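Heads up, the next two complexes both have subunit A, just with different partners, subunit B and then subunit C.
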Partner chain A sequence: MIADPRSIGRDARAAVVTTIAFVTAVALLPPGSYLALILAWLLLAFAGALLGIGPGHLARRGLVALPFVVAAVPIVFLRSDELLWAGTIGPLSLQVSGAGLRIALTALMKAWISVQASVLLLALASPPSIVTALRRMRLPAVIATSAGLTIRYLEILRDEARRMLRARTARSASPVGDGRERIGGTISWRARTTGSLVGSLFLRAYSRAQRVEDAAASRGATGSLSIGTMPAADSRLTLKVFGVLLLVLIITLSGALLPRL
Partner chain B sequence: MKEQHEHLHTHPGAAVPHSHGHDHAHEAPLMPAGDGTIAISHLHFRYPDGTEALRGMDLAIAAGEKVALLGPNGAGKSTLMLHLNGIHRPTHGTVHVAGMQVSNETIGRVRAEVGLVFQDPDDQLFSPTVWDDVAFGPTHMGLTPGAIHDRVEVALAAVGALDLAQRAPMRLSIGQRKRVALATVLAMNPSILVFDEPSAGLDPRGRRELIELLQSLTQTLIVSTHDLELARAAFPRSIVVDRGAIAADGATDEILANRELLLAHGLA
Partner chain C sequence: MHPQLHIPDGFLSPQISLLLWVASAVLLGAAVRKTSRSDVQLNASQPILMGVLGAFIFAAQMFNFPVATGTSGHLLGGVLAGFLLGPWAGTIVMATVVGIQALLFQDGGLLALGANMFNMGIIGTLGGSFIARGIGTALGGSRGVNILGAGIAAWLAVVAAAGFTTLQLGLSGTTNVAVGLPAMLGVHALIGIGEAMITVAALTFIAQTAPDILSGVASPPQASPARRLATGLVIAGGVASLASLFASADPDGLEAVAEQLGFLNAGVAAPFELFPDYTIPGLDGTTSTIAAGVLGIIVVIVLLLAFARIARSRAKS
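Presenting the complex of A and B:
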């Protein structure tokens, strides 16, 4: 698509702008623009293929968006227009709205496609280069610094979580008794234990954040992360911006011109 | 430490005072079911990224033995220890602990027999109070509230931390946290205890107390350490591990006297 894959020292602005523009164009498509959404996904799958990412892999990675669009499901039952079905299930009186179904399905597809666009961005540019690009695009320093530190310490937090889970697993034994024990404790006890583990991880993250801040302050940090030497500006940035505009135009026009279902 | 040693000598299998009026009808026996032995045969292990961490290890450890695993960083000591508890499974070869081959069928009982004490106590301590943390293992094992209470009390007393029971683990000193981490596995009455770098981060007094504690434990003990003095003080047998294989196995005094061996394996 744009720029060299996984390049840390390259200007990633074009990749960032393309992703933001693509996601915005997809998000603005009206409900029922399934054909336009399929076209957007095909563009994405083509770009993925150029980067060596298969469409199946890309589609599976996009599924992480599903839990976040659960919020759109109630609209299927809350809207009263284009009634498809109405009836009672047990004590509940329900109705399924065609318009609501269309909105929910469109939201689901948009989220799925947008996540895949983010996956492609990460395949194109390393996280530090994305942060650098955001700084270069005049993103407020505090946001860029937060993003940079999050990327830096997320990996460490993940390792801490992994070690804690491993230590818990090591003590998850079955009884050496008469076999009548309730192995694994009750569900509420397990939930409490998991909650404690998550809480403990949060406290450790908080405590680490304080230590990092102290260490940075002791070296004269003023609140914004140094981004070091800027990579050379992308000489074809203008051309790529036109490419991005064309991409947005294609998606928007397809949303307007292709029939909606 | 004197009082705590008296407690420690009662492990494993000590009769626990039943003075709390709890229901002990379903209480599990406190004596570990296993015999504390370890037998490893042709153990190979490869991480998913292709790194070959263990390259054909054979090892036999008798019940009650105290063995130090010595070796440079990345030698495979921690990987070996994680096999003893079934966290890692062999790519080839077998691991038997307490008379059981580590497998999906035995994993629950294996974890009751092998207590792993990790290098960083914070990995092990995640509950709001010390008491809750020590109770995790026995609760997971499905013991009755009375049995859990007794085990927690004995384990905390064994490490001299009974007075810390209601404290938050994160508010304790590193030495206290290490002792509580040991209590979390003692409460499960294991016949084998495995420690990863137990003396790391301890001040001289904490280190001396740790050595006394380790000397007093009656379970089979395996310790991964770079602390040669700790090995000399508490572990009659030492095994030098390097590049995923056993480079030397013998009396600790003899191994530590062999400067050439220590230099060859990054220990001096």
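Presenting the complex of A and C:
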């Protein structure tokens, strides 16, 4: 996570609202608004540059959403409007629909841009400050506390899981090398081994939770995130919200005014 | 082969995203009220346990096991969380995990988060946990039967979440349901078997190692015989409607796309291969397709029963 250490004690509400508004404005663009989408990306890249994140790095981070495009591939071949190409490949007769291609490409670009927006959110605000901001925006206390603690213990338990996985690999319950070597045991044995790892990770997590409870109780905790730990409210919040509205307006208008392909 | 359930932004229409945000928010609000009521273990420690177990579910999703070369079993953990924390608290934990995955790891979109929380939290955890409890209570409520119920529910939860994901994409106009649904259900019917196996094995391990923790955190209330029968019927109805989803699928379209996308390799190992093209030789048309769907479900349940029996006999020895 690339959080600026100075951002931890800051009111992150403006950053959270901006990200959600930006993603929503992008989602509202109709299929084929490639120019508007490029404009939205340029705005994002500019914001990234202000925060010291290069457009190349940002663009690469956006690629994580791409595997999901598999879900939109059928539409390219199954719509029968605006036929771009039809023919046969081997035993298959195929048709490529222009409308379908437009839907798939637009979804892909939106996903790619939206991921970069949340990357920028993390550069602006630390995870705990995002939770505090959401708490301020009336997220129920039990969810906020639970989310805050999940974030706090995430790395500890992931590290624990990594060590257990390494130990399992060392005892040959998982494939080694390029996967062509023999794997140990039967499928049910491997499933049981994995289930036991999950079970023992649960027991470790459970006893950790008890230690945390004891420690918290001895310090007089009441079980919800204390208001006292919140950073001071952002004094320029209203101004920033107007800025966000302007941003949304630019993206939406560009979607309406720029030509679609 | 990973579960493809974290929808990124851009694939859902704004209307569908908003609708599912509202649905998730309402049901999570209900979950918050349920867990805050004093008779459901309210004390200062509940949010701490939920928070740390959220991190546990997150970490547990890293565990996989090889099924065959190139294919591995994964855990999503919804039913597991529901079993260990109770359906409502488990749902909050799962929705929180999905939210953190979107915010911190860009796994799933922000606008699509409502849909992702709905599919994995509400359907996968709340729905799955009630089905698990229903099966457990209907069969007598012993520990082994409860764990078996969790296994069946884990499979159903993953398949149902995949079905809902596809329907939402279809309603948004991003996918063709006739083709996408059988592909997603087929792939996740396989992934669900891994989920069920890991869930049963994990719960069996906990029951063996720390029986007191399991009875402390997971004790469904005793139900009357009438209620048992009712839950049994509801579950049968749910399974039947899932079966009809399989049955209404368009097999020709699936195979065409499966070849293009490489889904076909995954499909070869599916139990449905017993019935080529979802039909049974000798029967004709729709009857055959529905019969094949129902038989497919029965085969999977029998396999799960057999697996749970093995797991239980190991637990005793």
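Here, the second predicted complex is superposed on the first by the 174 of 261 C-alpha atoms of A that agree within 3 Å, B and C clash if a C-alpha of one lies under 4 Å from a C-alpha of the other, contacts with A are read in each partner's own complex, and residues count from 1 in each chain.
In this section, contacts are C-beta pairs under 8 Å (C-beta built on N, C-alpha and C of every residue); 3 or more make two chains touch, one makes a residue touch a chain.
These numbers were taken from a predicted model, which means no experiment stands behind them.
Q: Looking at the overlay, what does A:L203 touch: subunit B (first), subunit C (second), both, or neither?
A: After superposing on A, A:L203 lies in contact with both subunit B and subunit C.
Q: Touch check for A:A123: first (subunit B), second (subunit C), both, or neither?
A: A:A123: touches no partner chain.
Q: Once chain A of both complexes is superposed, is A:A111 in touch with subunit B (first), subunit C (second), both, or neither?
A: The answer is second: A:A111 touches subunit C but not subunit B.
Q: In this superposed model, does subunit C or subunit B come into contact with more residues of subunit A?
A: If we count touched residues of subunit A for both partners, the winner is C.
Q: Looking at A:L237, would you say it contacts subunit B, subunit C, both, or neither? Reply first, second, both or neither.
A: neither
Q: Examine A:T24 and indicate which partner it touches, taking first as subunit B and second as subunit C; both and neither are also allowed.
A: second
Q: Between subunit B (first) and subunit C (second), which does A:R166 come into contact with in this model arrangement: first, second, both, or neither?
A: first
Q: Answer with first, second, both or neither: which of subunit B and subunit C does A:T193 touch in the superposed model?
A: both
Q: Can you pull the subunit A residues that subunit B and subunit C both touch?
A: In subunit A, positions 160, 164, 173-175, 180, 183, 193, 196-197, 199-201, 203 sit in both the subunit B and subunit C interfaces.
Q: For the complex, which residues does subunit B have touching subunit A?
A: 26-29, 32-33, 82, 85, 87, 108-113, 115-116, 118, 120, 122-128, 132, 136-137, 139-144, 170, 184-185, 188-189
Q: Going by the contact rule at the top, pick out the subunit A residues touching subunit C in the complex.
A: Contacts found on subunit A: 1, 19-20, 23-24, 26-28, 61, 64-65, 67-68, 70-75, 77-79, 92, 103-104, 106-115, 117-119, 121-122, 127, 130, 140-143, 145-154, 156-158, 160-162, 164-165, 173-175, 179-180, 183, 187-188, 190-203, 205-206, 208-209, 212-213, 216-217, 221-224.
Q: Sort out for me which residues of subunit A touch subunit B in the complex.
A: Going by the criterion above, the answer is residues 160, 163-164, 166-178, 180-185, 189, 193, 196-197, 199-201, 203-204, 207.
Q: Can you list the subunit C residues touching subunit A in their complex?
A: Per the stated touch rule, the residues are 4, 6-12, 14, 17, 28-29, 32, 35-36, 43-56, 58-60, 62-67, 69-70, 73, 75, 80, 84, 92-93, 95-97, 99-100, 102-104, 106-107, 109-111, 166, 169, 173-176, 178-180, 183-184, 194, 197-206, 209-210, 213, 253, 256-257, 259-261, 307, 310-311, 314.
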